[in-house]
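Going in written order, the chains are labelled A, B, C, D and E, and every chain counts its residues from 1.
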Amino acid sequence: MIPGADSAITRDGKALILAYDHGLEHGPVDFEPVPETTDPSTVFDVATHDAVTAIAVQKGVAEAYYPSYEDDVPLLAKLNGTSNLWMGEPDSSVNWSVDYAAELGADAIGFTVYGGSNHEVEMFEEFRDAQENAREHDMGVVMWSYPRGQGLKDDTSPDTIAYASRLGLELGADIAKVKYPGSADAMSWAVDSAGNMKVVMSGGSKTSDEAFLSTVREAMDAGADGLAVGRNVFQRQNPEAILDGLEAVIFDDASVEEALATTGGLEASD
Amino acid sequence: MIPGADSAITRDGKALILAYDHGLEHGPVDFEPVPETTDPSTVFDVATHDAVTAIAVQKGVAEAYYPSYEDDVPLLAKLNGTSNLWMGEPDSSVNWSVDYAAELGADAIGFTVYGGSNHEVEMFEEFRDAQENAREHDMGVVMWSYPRGQGLKDDTSPDTIAYASRLGLELGADIAKVKYPGSADAMSWAVDSAGNMKVVMSGGSKTSDEAFLSTVREAMDAGADGLAVGRNVFQRQNPEAILDGLEAVIFDDASVEEALATTGGLEASD
Amino acid sequence: MIPGADSAITRDGKALILAYDHGLEHGPVDFEPVPETTDPSTVFDVATHDAVTAIAVQKGVAEAYYPSYEDDVPLLAKLNGTSNLWMGEPDSSVNWSVDYAAELGADAIGFTVYGGSNHEVEMFEEFRDAQENAREHDMGVVMWSYPRGQGLKDDTSPDTIAYASRLGLELGADIAKVKYPGSADAMSWAVDSAGNMKVVMSGGSKTSDEAFLSTVREAMDAGADGLAVGRNVFQRQNPEAILDGLEAVIFDDASVEEALATTGGLEASD
Amino acid sequence: MIPGADSAITRDGKALILAYDHGLEHGPVDFEPVPETTDPSTVFDVATHDAVTAIAVQKGVAEAYYPSYEDDVPLLAKLNGTSNLWMGEPDSSVNWSVDYAAELGADAIGFTVYGGSNHEVEMFEEFRDAQENAREHDMGVVMWSYPRGQGLKDDTSPDTIAYASRLGLELGADIAKVKYPGSADAMSWAVDSAGNMKVVMSGGSKTSDEAFLSTVREAMDAGADGLAVGRNVFQRQNPEAILDGLEAVIFDDASVEEALATTGGLEASD
Amino acid sequence: MIPGADSAITRDGKALILAYDHGLEHGPVDFEPVPETTDPSTVFDVATHDAVTAIAVQKGVAEAYYPSYEDDVPLLAKLNGTSNLWMGEPDSSVNWSVDYAAELGADAIGFTVYGGSNHEVEMFEEFRDAQENAREHDMGVVMWSYPRGQGLKDDTSPDTIAYASRLGLELGADIAKVKYPGSADAMSWAVDSAGNMKVVMSGGSKTSDEAFLSTVREAMDAGADGLAVGRNVFQRQNPEAILDGLEAVIFDDASVEEALATTGGLEASD
């Protein structure tokens, strides 16, 4: 963590990252709830919402679409990722070099690390290379810190998530993206474990507006610095509405009720 | 995908790639139906047909024969490939460096990626290196996107092929070559999943003129941007005839009947 | 071992290294006895005690906190380390390059080597690279020499620890950090086996003030050149007190009784 | 294959390569039939025979002996090779860099590739590096193309040998050295499969003069471009005699009877 | 083998290498017979004996002690080595780069190669890098050629040792260090198999003065070019005496009786 290194992808020290790498990680099936989201333009348009502080995509999507949006939203270059066609011990391919990410205008890099996997050693070392190279480009570093693997019993337990955010601090991330550990106390422990590094909650699979905003509210109250979200935004018919609600919660300290009022509750019955 | 990066190997935005790397992938047995095709000159001559927008060969064949054809047909340097003497989990050796491909006059590179293989992580990373190096040379990038491996149940199902073309987009190809998924709807899904990246159908093993042209017609109607074909051309006694037919279907929007008229139906009984 | 190479992290030829990489190696649970130690600032403050000749941390913690302490305590850059989420044959990821450690102001590097592990060959070679690179930067080299692995019956037996310190000498460390082998004689053998390279005792898990100071006294009497300690300092309510005691034992040749007098015995009942 | 790239190790487009890397591949036992051949000078002397177009040796033998023969015979630097003390799946260590081979005066490189081995992917990639590096030095490239490995049923069947020579063409060799597939027809298929790349027959273990010359005659008649031979020359009491015979068959289009007349039949009863 | 490349570590074409890397290979237990040898100074002092043509040590020992002896004895940098805490298939870690060995004043490099091990391919390639790099520094190359591994039945049989010395020649060593194969005839075969490369006998574990000198005499009579010895020198109470004897045998062609007279027989009863 270098103070200020994440400034290009945060606002008032908080982050709302729109993640759109599901085409690689899960395949096109993730776009079926809202078929138009198969077209990256649709989601890039969503990312121009004021609440969004960065969009996270893989290299090919950035090459093809980011030139049209580079004035509208910061780019978080998601460097690694795998398909779910492959089902081995958690690992992730490095699909994008830091130098080329910088050339394409990225403001920060994103990197998945599966602590506890049999590939932990290799992934830590790949993260090292990416992190140090990002420093040379003055780019921020976001770690998707997801402990996972055959040796791990519970990948969302409080101690696992506290460990996950600590890994981000120890290894040199500016922001760690972690799963919500199920309670405000556990989230608070994860935030404390991160020292002065930022922690953002991972959005996960789609839930109702109220459930989702409540969890985000809880995470923020526990000290989180924002959210990285994909399906809970782009799998909704009205992604702008939920972004309005998230903006209220994350940046304006709104309650869930206040935030829901901004969304109109359009998605609650999904 | 970088807009225009494939322009050297497309015409009017469409591609008809003549692939001739079977000597490596399958061995000389693939030349037995038309023994003269053992001699690469024969197939290079075929590739001078107006319909062909590029010929895809391995390094050694390019070294030995391309100098005589460099004014007649663009070169798609197929960088990786394996013999079928080896029968392990799908993998492919990188037999040609991008720099040397550029030196030999290649206009674009071709690269096989077996998503879902136990070697997926390694292949994605090899693709990354090749793709980024190709960008430095302003060469287009074609991904042979063939999900395959012990964890994969069906390598031509609609969702597999949609995922295959999406992998091309996510990882930075300009064109993805995928197998025909069996129906126009499935092909359409694969094309949509590719965003603004081009998708070409893979020709596969030899069928009758009518069957073959019908499938190509279906694929084009579903939004495909062309074809990459080997055996369905060079295993025919009269490859020029089928190329006339393919040109009609791909570039002139001809019906199967119109196209068959150009071929004279010479091969239908094979 | 190059004479004088460790001068930046020793005083009068002796070392008291405060190690704080437990957040990576063990996770946040190691901070539970004194929750404030979750915050690296707390431990960096402790490290400003006169007795401490260097603080050993991982890259991310150095990036985030060392700039505020660089005038107060030398930095020992702990280059490698793993989480205990991963439970394979002992190995350690190289998380920090020597060049970047130098750029962040490190005075020396720290490197774990698990002699006897199935990864011994790989770890020796990683150590080689780090050690030779450190020489180019005139940085000292501390080896955490911990024989361990499926082939090793007893990792603290006298011959194992003598071998551990010898590995440090043979491979080019300036200081080897080894576990206490259980007796003054065994420690003496380990010190002798190190030739003119320094040997420091590893602090291990927390014990009472008296037990801990007695062991350190024994080690010093056996010829050790100091101590590398983490939990036995920062897991105490009054870390300054034990540092007073350690300073007396290590630098002022005090007896255990004299040293205990400086600590006030505050932790003895823990 | 680059036209003319092999000119330094061929004469009138034909090659007679004397291979002498048996000390590595088989050990000193291969020298027992003619003990003086243990001394490389003996075999280098044989290689000064007019018929020999190149001598193929490993690096150390070239370092020690080639300086005395560099005006007498071209050097084919055999870059890889393994001992038969090791009995795993076919693989071969790269023992000599192309740059250093060039520095020692090599005119071409030789490289073994075991297509079909579990190490095929790795060997193809090592061949790529060597081949492309050789191009930078304008050195010819000879592939010892020996399909072999647990997945291969018959390593001298016609289709295996046709595939073997095709691998040479596809991957960029100038000459492929293949085993004799047992019949003129099969050899002819192998030669055709090589396109305009040269194919030389591998000499194999020692046979009688007549049997050996007959096979070479058959191979030449089938279109082969020469021979690479070791034991069938240096395990004879009178290697010059058999070289006279081979010269007649390979370069002067002699019949076996004519060729035998030049050898004097000295070895026929061995 | 490059003529003269070993001149810095031979005298009159013969070598007596004092090896002292046992602290790494076997651990401090090898110093127990003469505890003072735990201190490298003691053995470096021994190495100043006129008979010794080079001392072979690992990097760390060279860093710490060689500066005081660089005017007295040539340095043979033993680049690789492993602990015996690790018990896998024979392998050896490369602990010292050639460049840094040159910087520390080494006159030649030493490198262990376990032919026949499952790691043979990897070790041959590591040897290649070291050997070619040594050539750039005009340093001699000594191969510790020790065939060993699960596939090897007898690692000191005549054919194994002949193969061992041949590997040195083929791969580019200037001197091969091999175990004594049990008879003068077998040693003679090993020497012949080495061509014009030098062969030195490996000293092995400690025996009586007479037995040891007799074996060395036998080896020299069989054509060996000297000895590389550790325990048979430094595990004696009077290492200078046995060095007097070895000097007589190796350099002055003395008989065992003449040589024993110089040692005074002090160790015969050990």
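FYI, a contact is a pair of C-beta atoms (placed from the backbone, for glycine too) under 8 Å apart; a residue touches a chain by one contact, two chains touch by 3 or more.
It should be emphasised that the depicted structure is a prediction, and the values quoted were computed from it without experimental measurement.
Enquirer: What chains do chain C and chain D have as common neighbours?
Expert: Expected: E.
Enquirer: Through what angle, to the nearest 5 degrees, does chain A rotate to match chain B on its C-alpha atoms?
Expert: 70
Enquirer: Please compute the C-alpha centroid of chain B, do the same for chain C, then give the distance between them in whole Å.
Expert: 58
Enquirer: Starting from the mean Cα coordinates of chain A and chain C, work out the distance between those two points in Å.
Expert: The mean C-alpha positions of chain A and chain C differ by 36 Å.
Enquirer: Enumerate the residues of chain E that touch no fewer than two other chains.
Expert: none
Enquirer: Counting only chain pairs that touch, give me the topology of the graph as line, ring, star, complete or other.
Expert: ring
Enquirer: Which chains make up the ring, in order, starting at chain B and heading to chain D first?
Expert: Counting round from chain B, the next being chain D, yields B, D, E, C, A.
Enquirer: Within the complex, which stretch of chain A touches chain B?
Expert: It is residues 21, 23-24, 27-29, 31, 35, 38-41, 58-61, 63-65, 81-83, 85-88, 91-97, 100 of chain A that touch chain B.
Enquirer: What part of chain C is in contact with chain E in the complex they form?
Expert: That would be residues 1-3, 115-118, 120-122, 124-125, 127-128, 131-132, 135, 147, 149, 151-152, 159-160, 162-163, 166-173, 189, 192-193, 195-197 of chain C.
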